[in-house]
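Which chain is which? They are A, B, C and D, in the order written, and residues in each are numbered from 1.
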Amino acid sequence: MSSKVASMRDAVADLVRDGDTVAIEGFTHLISFAAGHEIIRQRKRDLTLARMTPDLIYDQMVAGGVARKLIFSWLGNPGVGGLNAIRRVTEGPGASLEMEEYSHFGMVARYTAGAMNLPFFPLRSYFETDLPKVNPLIRPIDSPYGDGTVYAVPPLRPDVTVIHAQRADAEGNTQVWGLLGCQKEAAFAADRVIVVVEELVEGSIIRADPNRTIVPGIVVDAVVVEPFGAHPSYVQGYYDRDNRFYRDWDPISRDAALTDGWLAEWVHGLSGRAEYVAKLGEERVTSLRPSAPAPSGVVDYGEYR
Amino acid sequence: MSSKVASMRDAVADLVRDGDTVAIEGFTHLISFAAGHEIIRQRKRDLTLARMTPDLIYDQMVAGGVARKLIFSWLGNPGVGGLNAIRRVTEGPGASLEMEEYSHFGMVARYTAGAMNLPFFPLRSYFETDLPKVNPLIRPIDSPYGDGTVYAVPPLRPDVTVIHAQRADAEGNTQVWGLLGCQKEAAFAADRVIVVVEELVEGSIIRADPNRTIVPGIVVDAVVVEPFGAHPSYVQGYYDRDNRFYRDWDPISRDAALTDGWLAEWVHGLSGRAEYVAKLGEERVTSLRPSAPAPSGVVDYGEYR
Amino acid sequence: MSEQRMPAPAGPASASASGSAGGFSRTEMMIVAAARALAGQRVCFVGVGLPNIAVNLAKRTVSPDLELVYEAGVFGAEPARLPLSIGDPTIVTGATAVTSMLELFGYYLQRGLIDVGFLGAAQIDRFGNINTTVIGDYAHPKTRLPGSGGACEIAINARQVFVIMRQSARSFVERIDFRTSPGNLGGAENAARIRREQGWLGSGPSVVVTDLGVYHFDASGEMRLDSLHPGASLDEVRATMGWDPRIADDLATTPAPTADELRLIREELDPDGMYTK
Amino acid sequence: MSEQRMPAPAGPASASASGSAGGFSRTEMMIVAAARALAGQRVCFVGVGLPNIAVNLAKRTVSPDLELVYEAGVFGAEPARLPLSIGDPTIVTGATAVTSMLELFGYYLQRGLIDVGFLGAAQIDRFGNINTTVIGDYAHPKTRLPGSGGACEIAINARQVFVIMRQSARSFVERIDFRTSPGNLGGAENAARIRREQGWLGSGPSVVVTDLGVYHFDASGEMRLDSLHPGASLDEVRATMGWDPRIADDLATTPAPTADELRLIREELDPDGMYTK
């Protein structure tokens, strides 16, 4: 089986196409800012961006001009405020960005229906809310057992899903610990999958703990090794969430010119993530390392011959 | 938080009631024969027994007279043959055991609907098969997106689910590695849950690797510590499947008198699992240990203060 | 958004607030009152923002056995610090269980295992219906808010819903601009019928804690002021609500924050004042 | 159930079976032919019984990169021994991924990631429709068989279905007693339409390997004998089928098992003869 290891530049160039529906998933944890920046850098256009929480990465991508539409369930900078670049193109009469909105469970259910090749997924949300009125894809469905009505959401099948993970082998067998979000569902739902990892490991490391594998190589098209590729998001056991960055983004993103300047300096002005990390500086990087290790312990699978 | 640790005798006496729907789950792995034997020993009656694969444990329980009905998806002794005690009460004009039959995915979907409090779960199985004709609970449902019909199964909500696991803490926070089957879904779907473990561990062991937890104590009513409680089924890393037992059961179970004799000797004649293990003998037990350890490796969650 | 600190109040409030030391802000009072409302609760779903600090304070005071559930997929979190976001590595390390969000929303929340869902809101009406989606018209909003996140499903499936929010004429409104999360709908009778018919496991909104007081819901399903915070007046309450509020006959005064509560907020949970300034 | 061993055949079969040593049983021939059919396949869903040994033989011979998927929740199994059951600790240790059965059936099988589903059967008809549920009437069966297990969903969702079973007048029948797993239904045209309309990702049955020969499906969706095993005759084939079988114009003779294939079966995979005796 051949290696799928690729550079971020090649993976994005080969696998992300103008007009695609792209999901860079990861719920606060493991958000691939490195992939988002590369998509901006390569000036992809007319993308439909799907994410439960668009977060700063989609604020930057919308500011970078790659997006036509957002599919989401919570639009904000958690604990800080709004996503200001997105607000500029969604508020008032000049709103230009198309929006398709769900709740968190609705988005998870959409990915799950995609991952399971189901025509819909049922859930108890939405009844007596205004969400189905503004999103005609949220539809009522009667239980075939005569016990009432629930709502359904349709499958979400991204053209490309990007997930970040602690580690994978060269075939793309991928392991994650800490928050899992809906990364597994988003990956299985997609046509093409890019996995970005902190560390490339031997297959034997993966196979020593098969219960830890969340995505098998069979659904993965490219493995990109990009340490610190999730910053300012975080990677459990590797680095902390850079809350300072999340706070600093607020005043930058409130001003279109400052935002453009930031993109020029930190995205277009850099060749990739390695330069980004160098520019961030040793001190900042070091300050985000965990204060101490917290080892999982070992379990024994046993040899059975 | 108080300890839920109980003896098998007390757990079964308190939590399993005549007429209950009982699911002893575990797909080949982690089947709680100890709980099944205690239910026979306490002469529970009129149980509806749910399991994907009834396996020897339900053959024994049916022979022991505890069952009124089976809910299942595959009825056999894998690689050996049929379940003969069950065949005696399901074949021919004198069939007395009620049967409700699904496919594997249908059973998993039923537990999942129960675990998610959904009125139904959709799946692509059953179309153009005879299963919906003989099980009216398998019903067609139209996609609300106009793209065809799938089938639905109703939630399965056992009164009691019993799962076996490698380890839990005294509150019932339970960890499993190796085959997971549908134990998580069966536990979350149930009203009452008994967890049987090889080892009782401190909460700190559980919390060192939270991604390994499959069932939280909040849904668990009793924790029973019963080493070797899954024999002749197996526990990954602890002991092997006793294939000899599975083969030996075939001739025993073909003869009603031999079957009764076996139950008298190995169930009614013993006070519990400790005596069963002693009677099995040191040599048999030792022969089932893994030939060598196969450690998972350690991952680091990191301290974040 | 910095708030004026007020001196510890004189009179009954001060008497009951034993150990209250020096002044406290209205935001601090709100957080403390919300935390206290969690006494006796077992499993709490923690929302982003003010609920996050209130629930973490409760776990350190009135409810040490509280199981914190984060929608990110954590059950039994033991955060060593107060996270800025509700997804943070500190809620994972040392937690009891980490699951996919499918399982968290399906097997925990929709299954009915959450005793209290703790939400913030941008707009609320007298029946506890909540808007966190838009101010103004949906297609061309005046203000685009975050949207539901998990709020819609928490409102439907958590056994009880607690709300924490500052009150103002713009937030406590006669008619919310968008119903993101159902409360008591048009009244208790209607809400109870729909919850029963739909098989919802939740019983809807239970407590609303603001910077001025604590509300519960009366038999008609409408919000009723049961406790006024020290330093707040009924005139202030009326001036910051879009309807004429129901007020309990035996209106209480909220006991002021204790020294320990204030120390936990200021020194341990929010030393940078992200939540309280 | 022990079978008579036959001498290595003379003639063309023998010529092509280079390395074939001594005799082999019809069951061994069937397992070997089934394993060879997996050449070039990537992801195989392994059924209980004969499929289990055939797939494990393929991985050791024609298809070393084959990813073995077990419905118990294993992707990329590397079993160190041949398990008696399809759930066994040896399929877990060293595997690529272990998942819940919900995910295995939902995210892998129903999602269309399985190239070949390998099934056994008690009854099959000319269109590859399969019965593993009952012989006789469902309510009062003459013989109660295991039922679907995962077979129904494998038949619907795997890209192709391979079947391995001994043939007899009782198993190759004009009309199966119960349709557990759909094949080409009443014919290829009908089956293709239903598969398209229903959004099924599978294209149905592809290969049937018996103790007498190897069948594929022709344009009408009916089974056609393409290769006869050495030592088997067309008379035997006809005597063990409930319909008049279609036979390829260029009917081949199956190359006999090689010495290596026989050694793997006898010494490594099935030393106790659980599958072959």
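What to note about this one:
One rule holds in what follows: a residue touches a chain if its C-beta (ideal position, glycine included) is under 8 Å from a C-beta of that chain, and two chains touch if they have at least 3 such contacts.
Values in this document were obtained by computation on a predicted structure and should not be read as measured data.
Note: the chain lying farthest from chain A is D, by mean C-alpha position. Simply put, of B-C and A-C, more C-beta pairs touch at A-C. Spacing of chain B relative to chain C, judged by their CA centroids, is 41 angstrom.
Spacing of chain C relative to chain D, judged by their CA centroids, is 60 angstrom.
Each chain gets one centre point, the mean of its Cα atoms, and the points for chain A and chain B are 37 Å apart. Inter-chain spacing, taken between the CA centroids of chain A and chain C, is 29 Å. Multi-chain contact residues, meaning those touching two or more other chains, occur in chain A at positions 112, 117-119, 123-124, 147-148, 150, 177-178, 180, 184-185, 208, 211, 236-237, 240, 290, 294, 301-305. Those residues of chain D in touch with two or more other chains are numbered 74, 88-89, 92-94, 98, 106, 110, 157, 199.
Chain pairs that touch, as defined above: A-B, A-C, A-D, B-C, B-D. For chain A in complex with chain C, the residues that touch the partner chain are 27-29, 52-53, 72-76, 78-80, 82, 86-87, 90-93, 95, 101-106, 108-109, 112, 123-131, 134, 147-150, 177-182, 184-185, 234, 236-237, 240-241, 243, 246, 290, 294. Residues 42-43, 65, 67, 74-76, 78, 80-81, 88-90, 92-98, 103, 106-107, 110-113, 157, 199, 201 of chain C are the ones touching chain B in the complex. By the touch criterion given at the top, residues 1, 112, 115-119, 173, 184-185, 188, 203, 206-208, 210-211, 213, 216-219, 301-305 of chain A touch chain D in their complex. Residues 48-49, 52, 71-74, 83-89, 92-94, 98-102, 105-106, 109-110, 133, 138-153, 156-157, 178-182, 185, 194, 197-200, 274 of chain D are the ones that touch chain B when the two sit in their complex. Residue ranges of chain B in contact with chain A, taken from their complex: 117-124, 139-141, 143-145, 147-148, 150, 152, 154, 166, 177-178, 180, 205, 208-209, 211-212, 236-238, 240, 290-305.
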